[in-house]
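Quick heads-up: structures coming right below.
Below are two complexes that have chain A in common, paired first with chain B and then with chain C.
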Partner chain A sequence: MNSLFTPLSWSDTGYILTGVWNTVTISVVAIVIGTLLGILVGFLRAESNRFVNVLLGGILDVFRSVPLIIQLILFSTFVGAIGHPLGPFVAGSIVLSIYTMAFMTEVFRGGFEGVSQSLQTAARSLGMTYWQTVYHIRFPIGLRAVLPSWLGVALSVIKDSALVSVIGYMELLRTSEQLISRTQQPLMILIGVGLFYFIISYPLSYYGRRLERKMAL
Partner chain B sequence: MFQKMPELLNGVFVTFHVSVLAMLIGVVIAILLAITKMNNSKPFCYVATVWVEIARNTPALFQIYMAYFGLGALGIHLSPYVAVLSALVFINAGYLTETFRGGFSSIPDTQFRASRSLGMSSVQAYRYIILPQMLRRIYHPMTNQFVWSILMSSLGILVGMSELSGTTQKLQSQSFRTLEFFIVAAVLYFVLTKLVLFGASLLSRRLFKGDIG
Partner chain C sequence: MISVQNVHKSFGDLEVLKGVSLDVPNGEVVSVIGGSGSGKSTLLYCINAIESINSGRILVDDVDVHSKSTNKDKLRQKLGMVFQQFNAFPHMSVLENAALAPRIVKKMSREEAIEIAKKELEHVGLGDKFDVYPTRMSGGQQQRLAIARALAMKPDFMLLDEVTSALDPELVGEVLDTLRLLAEEGMTMICVTHEMGFARDVSDRVAYFHQGVIAEIGDAKQVIGDPQNPLTQKFLSKVL
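Our next item is the complex of A and B:
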């Protein structure tokens, strides 16, 4: 039995660090793509007519109302079933990015709609074109206003990225799970993993709360 | 597929059931934590802060693993149901503490003094003036937290709990119809969250008589 379970050793650090790296990579990819798409779709929703708005809102609502884990399993099974299996990283990035987008869209829509109408009218009457108004007035003001909520969504994406492990992506929690099954020392490894998430997440959430308080004044 | 519907609906019931329990216990603990945090009594306040920060800053999956495998290593063996429930309670309590604290501090202190000077006792002031306003402000975040609990209870699939996702997983492994079963599960989750939101808005109309502040 001794050969089956070996205790933790220093060489496992490298393995765990791969997991850390993979967690960070997929989170960054999802946050970047999700944010860009979120700005785009959020702007569309703030600008478009009622019909498009309801349609977009309904579609995005699905991504927010079905658990991420189900979305991941569904998507990776689906691409497999139609004969184009994707690797766990690509499949995970796609699902996580769309999931992020669904939340980011609402954040940015709120920001764009919060920019006062008179400000835009003023900009137009100064001779700015529509796109100049968008670029110089609505984007800077709208985007700045939603920074705290953006940070909140980004943080939840980092935490939710742990779920990509179900389709076989070697992120932090999955590498630790494998170490656990080899070493049979769940407590120590899990505490280490929790600490890692905490170290990333806590300073950001602290900063977010400070930012929120500052902007509320 | 459709013969398995009763089993899936039973999964829905377990999902709903665990989320309701997680919410109820979470609310009670969150009220206690919020009171401790606002009272500023040193050692307890410290515990409350640590609780809230850990709950908010680590993934839900981590909490569930911790409850299932972590406590197991200490000799405390929880069933999957209890493990998922306690993880959800832990997280709900952490998030709701901040919600309650925010809701409470958003009611200006002057309102309390004004009601006292109108001759109300402090219990009356809380009962008729402070709490109704507070409930109005925390109602929406609480509904969101409830929906979040329903969605996150799907992680029970990873520890072998037989809620909606776990049941789906079991059924698909018997029949190899992965796609069909998970699509049905997705639809059931969607319907469940919509029903909950609909129920919550009906309730809020009754509670707040139309004006949601």
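Our next item is the complex of A and C:
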């Protein structure tokens, strides 16, 4: 047996768990930042005039249409070329967050636009200011309405985070690739990694659906 | 007192109000009747500064509603408004619906706001619905909630925009009874309505709107029972 290849052993567990942890970390960062920015820009789009919207929409379309893997490589190469190289985690977080934001923006815009005008007029007729109406009426109703779509985007971000491996981030997929090249046991490792992605995503999906039922209007 | 003085209002090329004047002293109930598109709802929206006006003046207790220096949010606290759509806040319980504005607009404590909300909900007969969510209630109950929610702000005037038009016929009565109660308590009200019986029995005066002007205004029983203007006669003969 060639000594270059050593079989998978229990001592690899720590290595794999590092990958799991890194996948969770970058996904949480991207989902949190992407959601917050998405709410902000989504609200801006719902409230803006046509000109601002065409401009914003065009920019966001670029992030939504160009494959994530290309964005990662371009950004990482670009910041390196101008002399400010970023670590794979920081570069990956930035690109993945913006990518997430681009999708979240459309989700939240739809939610805010869906809150009926007459409901907001009723709130204003009670003496509530514009911002009070936004905070107490429009946000809570709009955010609840888009919970299922938000969940869909969040779940896909966890899976898309695998692509950050191309710029050298040691997340779950990249650790598994390295284990595969060492052990030559691709089938078992990939099944294991797939299982880990499921274990990471399932709680989000489960609690998301529960929250959705609880908050149904 | 609400004083509408020669108000003109256009949406684009369409002039909806063509010089409307109407004085409503405190304690009076005025019903506004007329065909759809005659401008009667627009008048209420203009009084509440939800819509702007092109010319003329609207005074609420001598405050010029459409003056740039008027704080419209503050003004609206005086003017309770109820709409054709019930507009209950779907993410809040009945009690929270009624307590929200007193709490955040009038800056009352939570306890104080809830106390007022409970009182007004009992007032309109929803004393057993505090914790219910509005989507689980009938249209009539939702509309009474909307009335209680407006009353919780202790308004001096109530503007009612066809509040029974979206209701199933069997639910109209309970909402009209609530309004009748308010009228008896001396609330100043302007009611845009298609309920001729209500207009005749509950209001002091009735104004008939036709194509953006008040074609006839007078004592409620007289306008409904014995209209003088041929336009009013024609309208009433169609709806009665």
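Rule of thumb we're sticking to: the second predicted complex is superposed on the first by the 199 of 217 C-alpha atoms of A that agree within 3 Å, B and C clash if a C-alpha of one lies under 4 Å from a C-alpha of the other, contacts with A are read in each partner's own complex, and residues count from 1 in each chain.
Keep in mind that, in the parts below, a contact is a pair of C-beta atoms (placed from the backbone, for glycine too) under 8 Å apart; a residue touches a chain by one contact, two chains touch by 3 or more.
Small disclaimer: the values here were computed from a predicted structure and weren't measured.
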First, second, both or neither for A:R144, with chain B first and chain C second: second
Partner chain(s) touched by A:L190 [first = chain B, second = chain C, both, neither]: first
Touching partner for A:S9 - first (chain B), second (chain C), both, neither: neither
Touched partner set for A:T121, first chain B, second chain C, both or neither: second
More chain A residues in contact - chain B or chain C: B
First (chain B), second (chain C), both or neither touched by A:T129: second
First, second, both or neither for A:N49, with chain B first and chain C second: neither
First, second, both or neither for A:P67, with chain B first and chain C second: first
Complex contacts: residues of chain A adjacent to chain B: 62, 65-71, 73-74, 77-78, 81, 155, 159-163, 165-166, 173, 177, 180, 185-187, 190-191, 193-194, 197-198, 201-202, 205
For the chain B and chain A complex, residues of the former touching the latter: 53-54, 56-62, 65-66, 69-70, 72-74, 147, 151-152, 154-155, 157-158, 165, 168, 178-179, 182-183, 185-186, 189-190, 193-194
Chain C-facing residues of chain A, complex: 116, 118-119, 121-129, 132, 136-137, 140-141, 144, 215, 217
In the complex with chain A, residue positions of chain C that touch it: 48, 50, 73-74, 76-77, 79-81, 83, 85, 87, 89-91, 100-101, 104-106, 135, 146, 149-150, 153
